[in-house]
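Next, two complexes with chain A in common: one pairs it with chain B, the other with chain C.
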Partner chain A sequence: MTLALYVPRSSVVHRMHAGVKLLGLAVLAVLLFALPTLTAAGAALAGVLAVGLLLARLPVAVLARQARAVRWWLLALLVVHALTTDVRTGAHVSLRLLTLVLAAAVVTATTRVNAMVAVVEWLCAPLRLVGVRPARVGLAITMALRFIPVLIERADRIRAAQAARGGSPRGLRALRTTIAPLLVQVLQMAHDVSEALDARGADDVPPPRRRRSPTLETP
Partner chain B sequence: MRFRRPGAVGTDVDVADPTRGIELRGVGQRYGDRVVLDGIDLTLSEQRVGVIGANGSGKSTFARLLNGLVVPSEGQVLVDGLDTRTQVRAVRRRVGFVFQDPDAQIVHPTVAEDVAYGLENQGVPAEERAVRVAEVLARHGLAGHADHPAHLLSGGQKQLLAIAGVLVMRPARIVFDEPTTLLDLVNARRIADLVVGLEQQVVVVTHQLDLLDGFDRVLVIDRGRVVEDAAPGPAVQAYRALMADR
Partner chain C sequence: MKTRDLAYIALFAAIVAVLGTLPAINVGPVPITAQTLGVMLAGSVLGARRGFLAVLLFLVLVAVGLPLLASGAGGLAPFAGASAGYLFSWPLAAAVIGWLTERTWDRYNVALGMLANVLGGIVVIYAVGVPVLKVVAGLPWETALWSGAAVFVPGDLVKAFAAAAIADVVRRSYPVIERPRRAVDTR
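Presenting the complex of A and B:
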């Protein structure tokens, strides 16, 4: 499993500020609902594909993977609408969802996590007034992205260890026998990670303007 | 054990004297009634210092004292004259720490972002950050992995990444807590070569005794006390004799 969807390229879309891309995504979503026609949805999908494949030069497989992930939802929407309203409405709703999913995929594949998190931190800046530290919010998001695959790997390891000793519980019992040892490991890991954060200066609070750059370019 | 809490990190008043090395004065560490370290008086000024001992002997606690991850219950730990109790930020800028399990040390999803993390905390400007990250990745064979998801790296690459994340901060001293324990023979050798070749002062807690060849000084810790403090040969011999009696 990979949560890091960034595809490194040197394109105008990659260089665009993460905030602009996220704003563009939001505007697209609003427009798709404000202009509820099949033609508009089709044009938007063509636009998203043009930006993703031609401008950003993303591999077709990246967008295809995202489309595959929602294919059953798209089909379900089409069928439900075909049965309750008409096929054209079903096609429109499905096309709209596909367009938004692919647009989000283009944004994710062309924007580094750090740049995305920097936008979240910027959006959270007003919360400083009530004592929230935006940098900590950003770090929490980043760490969640980082540790989801690690936790999945640990859960797999626990299941493998149980299977190696003849255990192959199913259903709720499987959930219970996996969650308890996983929780213990997660707590231990949380302690280790907090030490690692301390060791790398997480308590240091640099001036806000230097806290994080929108992009991190490495030659 | 007393762990640091936000707001209890002390000041950054910098009156460091790099010639003093790491000093432990009457250091003791207790968890409730259990004594983990007792009566440790040492000055570590050698370039390469090894620490060996049985599981549960207090080695890891000893290592964590050196950059203020653990504050001693008794006594004082000074790094270049800076007290880990009151000047922990300044101490941590001088003493990097590499943990046994790199998975717990890598906090960002991709390689370059993780290496940059410590620099962000230090307030290093973005341009300089990018240069230093690229430089350290290139030096340790990770240049081609800058944008790769960290969790897809091999065990050896993850440990390299963890070390790169510390080296990029340019500490004067680095503490390694069993850096090769989770690695296969090839990767363990690779990490060992890297550790030995560093220009910084290194303090290495390890069970891999051959890693200590060429070290300047080796401490043997047993039941919370330093029971041998010598060159690698005699220290390892003393450790083997100690373990043979168990």
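Presenting the complex of A and C:
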């Protein structure tokens, strides 16, 4: 199962620091709204395509897939603005959106999930002040990534078992006989994982200070 | 926060993700997905705080580039899309559902659970999602309400019921929400 949208290539864009790319994305968004002209949006789109396709050498399909995801919205924007204001505004607004979506897709496709997680941990650093520990955020992300394939596998196993017994229960029966027990099972699994982690020192509580000498005290 | 809580949070983030692999039905700019079922479950099984964090974690996973939204969308693009408001409303919805569930925990049943899921999972989501859809897509209120809320309500009611029925079973066999116990009268 391929989980990431990352497309491995050896390019300048890929090697760039994930934080820099995210910052660039934010700057682009601000600029596009600060310069609301069709020319600016068109130039930005050309720039994003040049970076994505020429510099990062991403396949067209990768960008096309993200563009397809927003096609209804683009169409709606164009039609509504053509009816209420004018076609030019509609073209501008939808072009700006397409540019932002594609720019985000370029960042995503050229940056490994690990690097993004590192940026998330780094961004969480100020939250230390309110008691959030960035390493714990990273741990939660890692666990969730591990649980996704496990959940799919468990659900498949139940489906296969039911098919072997001649079909699966449907409707309300399925909720009580299949889905709820599956949920209880995976809750127990999550609990076991947390105990295993704690046993290996992932515990929330920092270890107590060691006494000066590790010898046993005599009563 | 204990490691166990982190594990539950990660689990429900994963559950919302896996529900996104079920096929979505496209009806205009915002698709019908099973993922709001996961949002409702997160709130009604984990409670307000952990439910909120679980859905927030899911959104972080999407933002860092995993194609976990229904229809395989992912990355930062969906947060600029027509349904961005719905995404941002999800953690809030889980929190409201969780809060209501915690309040009714001692006498929780499918009907009360469904009420919580409707208030948090339907009212909150549309209260945030529809205005964002209206503004970003520049739609008139009528169109936004119709294409962004009305078509989903029947499916949402089914999901609210399903989540409550599941949460009710889980509550009886593996309760995760803990209510402070009343002092036992020892006289």
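The working rule: the second predicted complex is superposed on the first by the 138 of 219 C-alpha atoms of A that agree within 3 Å, B and C clash if a C-alpha of one lies under 4 Å from a C-alpha of the other, contacts with A are read in each partner's own complex, and residues count from 1 in each chain.
The rule we apply is simple: contacts are C-beta pairs under 8 Å (C-beta built on N, C-alpha and C of every residue); 3 or more make two chains touch, one makes a residue touch a chain.
This structure is a prediction, so every number in the text was calculated from the model and none was measured.
A.B. asks: According to the stated criteria, A:Val70 is in contact with first (chain B), second (chain C), both, or neither; which is it?
C.D. replies: second
A.B. asks: Would you sort A:Glu153 into first (chain B), second (chain C), both or neither based on which partner it touches?
C.D. replies: Only chain B; A:Glu153 stays clear of chain C.
A.B. asks: Just chain B (first), just chain C (second), both, or neither: which does A:Asp203 touch?
C.D. replies: both
A.B. asks: Once the structures are superposed on A, label A:Val186 by its partner contacts, choosing first (chain B), second (chain C), both or neither.
C.D. replies: A:Val186: touches chain C, not chain B.
A.B. asks: Would you sort A:Met116 into first (chain B), second (chain C), both or neither based on which partner it touches?
C.D. replies: Only chain C; A:Met116 stays clear of chain B.
A.B. asks: Does chain A have more residues touched by chain B or by chain C?
C.D. replies: Partner with more touched residues of chain A: C.
A.B. asks: Tell me the contact category for A:Leu145 with respect to chain B and chain C: first, second, both or neither.
C.D. replies: Both partners.
A.B. asks: Once chain A of both complexes is superposed, is A:Pro8 in touch with chain B (first), chain C (second), both, or neither?
C.D. replies: Touch partner of A:Pro8: chain B, not chain C.
A.B. asks: I'd like to know which partner A:Glu195 touches here: chain B for first, chain C for second, both or neither.
C.D. replies: A:Glu195 sits against chain B and chain C alike.
A.B. asks: What residues on chain A does chain C touch that chain B touches too?
C.D. replies: Shared contact residues on chain A (touching chain B in one complex, chain C in the other): 3-4, 6, 113, 139, 142-143, 145, 150, 189, 193, 195, 197-198, 202-204.
A.B. asks: Give every residue of chain C touching chain A within the complex, in rising order.
C.D. replies: 1-4, 6-11, 13-15, 17-18, 21, 26, 28-29, 41, 45, 53, 57-58, 60-61, 63-68, 71-82, 137-140, 143, 162, 165-166, 169-170, 173-174, 176
A.B. asks: Show which residues of chain A lie in contact with chain B when the two form their complex.
C.D. replies: 2-4, 6, 8, 112-114, 139, 142-143, 145-146, 149-150, 153, 189, 192-193, 195-204, 206-207, 210-213, 215-219
A.B. asks: For chain B, which residues are in contact with chain A within the complex?
C.D. replies: 4, 6, 9, 64, 67, 69, 88-89, 92-93, 96-97, 99, 101, 103-110, 112-114, 116-118, 120-126, 129-130, 133-134, 137, 146-152, 165-166, 169
A.B. asks: Quick one: which bits of chain A touch chain C in the complex? Just the residue numbers, please.
C.D. replies: So the residues of chain A touching chain C come out as 3-6, 25, 29, 65-66, 69-70, 72-73, 76-77, 80-81, 84, 93, 97, 100-102, 104-105, 107-109, 111, 113, 116-117, 119-120, 136, 139-145, 147-148, 150-152, 155, 172, 175-176, 179-181, 183-184, 186-191, 193-195, 197-198, 202-204.
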